[in-house]
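Take this structure first; my questions come after.
Labels A, B, C and D are assigned to the chains in the order they are written; within every chain, residues are numbered from 1.
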Amino acid sequence: MKAASMVPVFLVGFLLVFAATDFPEWGNPQSPASDSPVSSHFIGKTGVDTEVPNMVTAVLADYRGFDTMFETVVVFIAGMAVLAILKNSVKKGSVRRDHEVDAEPDLIVTNMVRLIVPVIQIFAFYVLAHGHVSPGGGFQGGVIMGASFILIALSWDLETALARFSLNRCMGVAAAGILIYAGIGIFSMFLGGEFLDYAELERVLPVSREMARYHAMLGVEIGVGCTVTAIMFALYANLSSEGKLEGGL
Amino acid sequence: MGLELFNTFILLLLVAAALVALKVRDLITASVVFGIYSFLMCLLWAEMGAVDVAFTEAAVGAGISTVVLVATVFNLKRKSSD
Amino acid sequence: MNGFQFIAASAGSEGGSLFPLHLFGMFLGFLGLIFFLGTAVGMMRFPDFYTRMHAAGKGDTLSTMLMLTGFALVTMEDFSLGSWLLFVKIMGVVLFIFLSTPTSSHALMRAAFEDDEMPMTEEDLKKSRKRGKKK
Amino acid sequence: MFEDGAILNELFLERLNYLIYVVLLLIGLYAMIAKNNLIKKLIGMSVFQTAIILFYVSIGVKEDATIPIYLPEHDPHGEHAHARGGPEALSRGQVATYANPLPHVLMLTAIVVGVATLGLALAVSLRIYQGYGTIEEDELLVKLEREDARTRKAEFPVADSPKVESKRKPVAKRVSKTGKSKK
């Protein structure tokens, strides 16, 4: 098995190394990827079109908004599938772990978490809202927000975290995130534009066309953040307890 | 030379981390070494100028995926046969 | 730009009054590296889990804090609003590390204690030394 | 092309980064094919994935270019833009001073989707462990074959026609064979 697997590995390796001589040089500004009119347009016109200083956010949420919407849907479907696979797969109360430590939640750890979790959540909102002017955005902010709930589940136990953010609410928030994203797209369709054509939102927002795109991007990022937060926490909650939703790690 | 020394050093560390993550028998060790791999990758991307990607990798690859892997391995057998 | 060029450039920079600040920042970074070396040596040389964790927890916290503070001082180009903002942000990271790293090492220690990991006593050390001599 | 050693020079000096990406990718591919443990296979899958993402990000690098966030002089809301009366498009020379944002965007979503698929795969392997009590591939295959034989036995009981019995025999043989070959 191991010897036989070397054959495709070396075949693929030989082909890739053979192709590597045709790749552009490291950091060449004239390389096909960097010299293409598409990326030149993104770099040159983002400031004029959307007034967003961070080009990555602008391309992510506006120019390629359709793509990002369905990536979010993929994350949502993955969370749903994990739920469907692990729900009721084992009986509650049956423990089959190799080593189980029945310990009280530690005093120092829980107090420190009590101190740190609000800061982490505020930082998550900061990352989400400042995605326009600095690195960040919906995906990163959502992941940090989900990590704060995972931290609660790690330091107390899963019930404490689920009392704050139950699984039903989790899936509700995840679905609401996608609804926010698609809703902004459909709303701009009703206003006369195309799907996810944020510039049409100027008719309901008291700003210019460019600033309408700027603010619609924030709404879209909030939707992405909601979905990612909920799905990351649902993944952890289901995988750490085999779908039983009880007990610590 | 097309590539800077710093990048080459981190790339070699990456290869070492990937090999160690796949070589060790203890699956929790493998998960933690995979977290190290993700952090090295994040450092490399930050150095390349892809700050958004580096941020995402630091939050997702080194944070969530390590936690999820450890949480799963806790419910499985910890030892691996190879 | 490698380190020597960076030192030369910052030594020759126009803000002559800022040079001591840069130098102090680099000194702090260097001190942090020395503590990191101590951590690494301790991790390799100490005999049991608790002493190794002691070296790792203490050295890691102090050296990371020192290096970040040094970095904050080096990035103070002029005393404008932007550089003060950066300074405050890095100091926030230092505060976070000051709180979180000792907590995490405490949690590790406690987990080891509850898992009945025994600390190494003097007799164990003597035994291991004898074994080492026999070899 | 192959004679004068120029290709080796080019590969090992100018395109060393591509060579290392290929090595990382092959490590992941080998782990996915040859490793026995399902979690090891998944770690290999993630290594494979990150190698491809690394390749994508590195083709967006430009020499002497800054990160893809506008500098203060090009910032649409900065003082310079207000002085000019609004933001204006960058010239061709200015475009070359920013890294290419397109690969970053494509790969940013790929990372998040990657962790979602990793979680799904972990859930599937957890379910496999609940069902069969192992996540080693060879043991799993033996157990699967045994179960196959058992269901066939249940569907075609022994007291049936001799034709069915002859059909069942090679199955039993195969099971014992795989059991032996694994030892």
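Here, a contact is a pair of C-beta atoms (placed from the backbone, for glycine too) under 8 Å apart; a residue touches a chain by one contact, two chains touch by 3 or more.
Predicted model only: the values in this text are computed from it and were never measured.
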Task: Chain-chain pair with the highest tally of contacting C-beta pairs - done: A-D
Task: Centrality ranking, top chain (CA atoms only) - done: B
Open item on the list: Suppose each chain is reduced to the average of its Cα coordinates; what separation in Å results between subunit A and subunit B?
Closed with: 19
TODO: Please work out the Cα centroid separation of subunit C and subunit D, and write it as a whole number of Å.
DONE: 35
TODO: Return the distance between the CA-based centres of subunit A and subunit C, expressed in whole Å.
DONE: 32
Open item on the list: Please output the residue numbers of subunit A that touch at least 2 other chains, ranges allowed.
Closed with: 25-27, 54, 56, 135, 139, 143, 232, 235, 239, 242
Task: Where subunit B touches two or more other chains at once, by residue number - done: 2-3, 51-52, 56, 60, 64, 68, 72, 75, 77
Open item on the list: Using the touch definition from the top, which residues of subunit D touch two or more other chains?
Closed with: 14-15, 17, 23, 58, 60-61, 65, 68-69, 103-104, 108, 112, 115, 119, 122, 126
Task: Inter-chain touch pairs (all) - done: A-B, A-C, A-D, B-D
Open item on the list: Help me check something: in the complex, which residues belonging to subunit A touch subunit D?
Closed with: 1-2, 5-6, 8-10, 12-13, 16-17, 20-21, 23-29, 31, 33-34, 38-40, 42-48, 51-56, 59-60, 64, 67-68, 71, 74-75, 78-79, 81-82, 85-86, 89-90, 133-135, 139, 143, 228, 231-232, 235, 238-239, 242
Task: subunit B-touching residues of subunit D, taken from the complex the two chains share - done: 13-17, 20, 23-24, 27-28, 31, 35-37, 39-40, 42-44, 46-47, 50, 53-54, 57-58, 60-61, 65-69, 99, 103-104, 107-108, 111-112, 114-115, 118-119, 122, 125-126, 129, 134-136
Open item on the list: Touching residues of subunit C toward subunit A in the complex: what are they?
Closed with: 96, 99-100, 103, 106-107, 110-111, 114-115
Task: Contact footprint of subunit A on subunit B as seen in their complex - done: 2-3, 51-52, 54-56, 59-60, 63-64, 67-68, 70-72, 74-75, 77-78
- [ ] Enumerate the contact residues on subunit A facing subunit B in the complex.
- [x] 25-27, 54, 56-57, 97-98, 135-137, 139-140, 143-144, 146-147, 150, 154, 232, 235-236, 239-242, 249
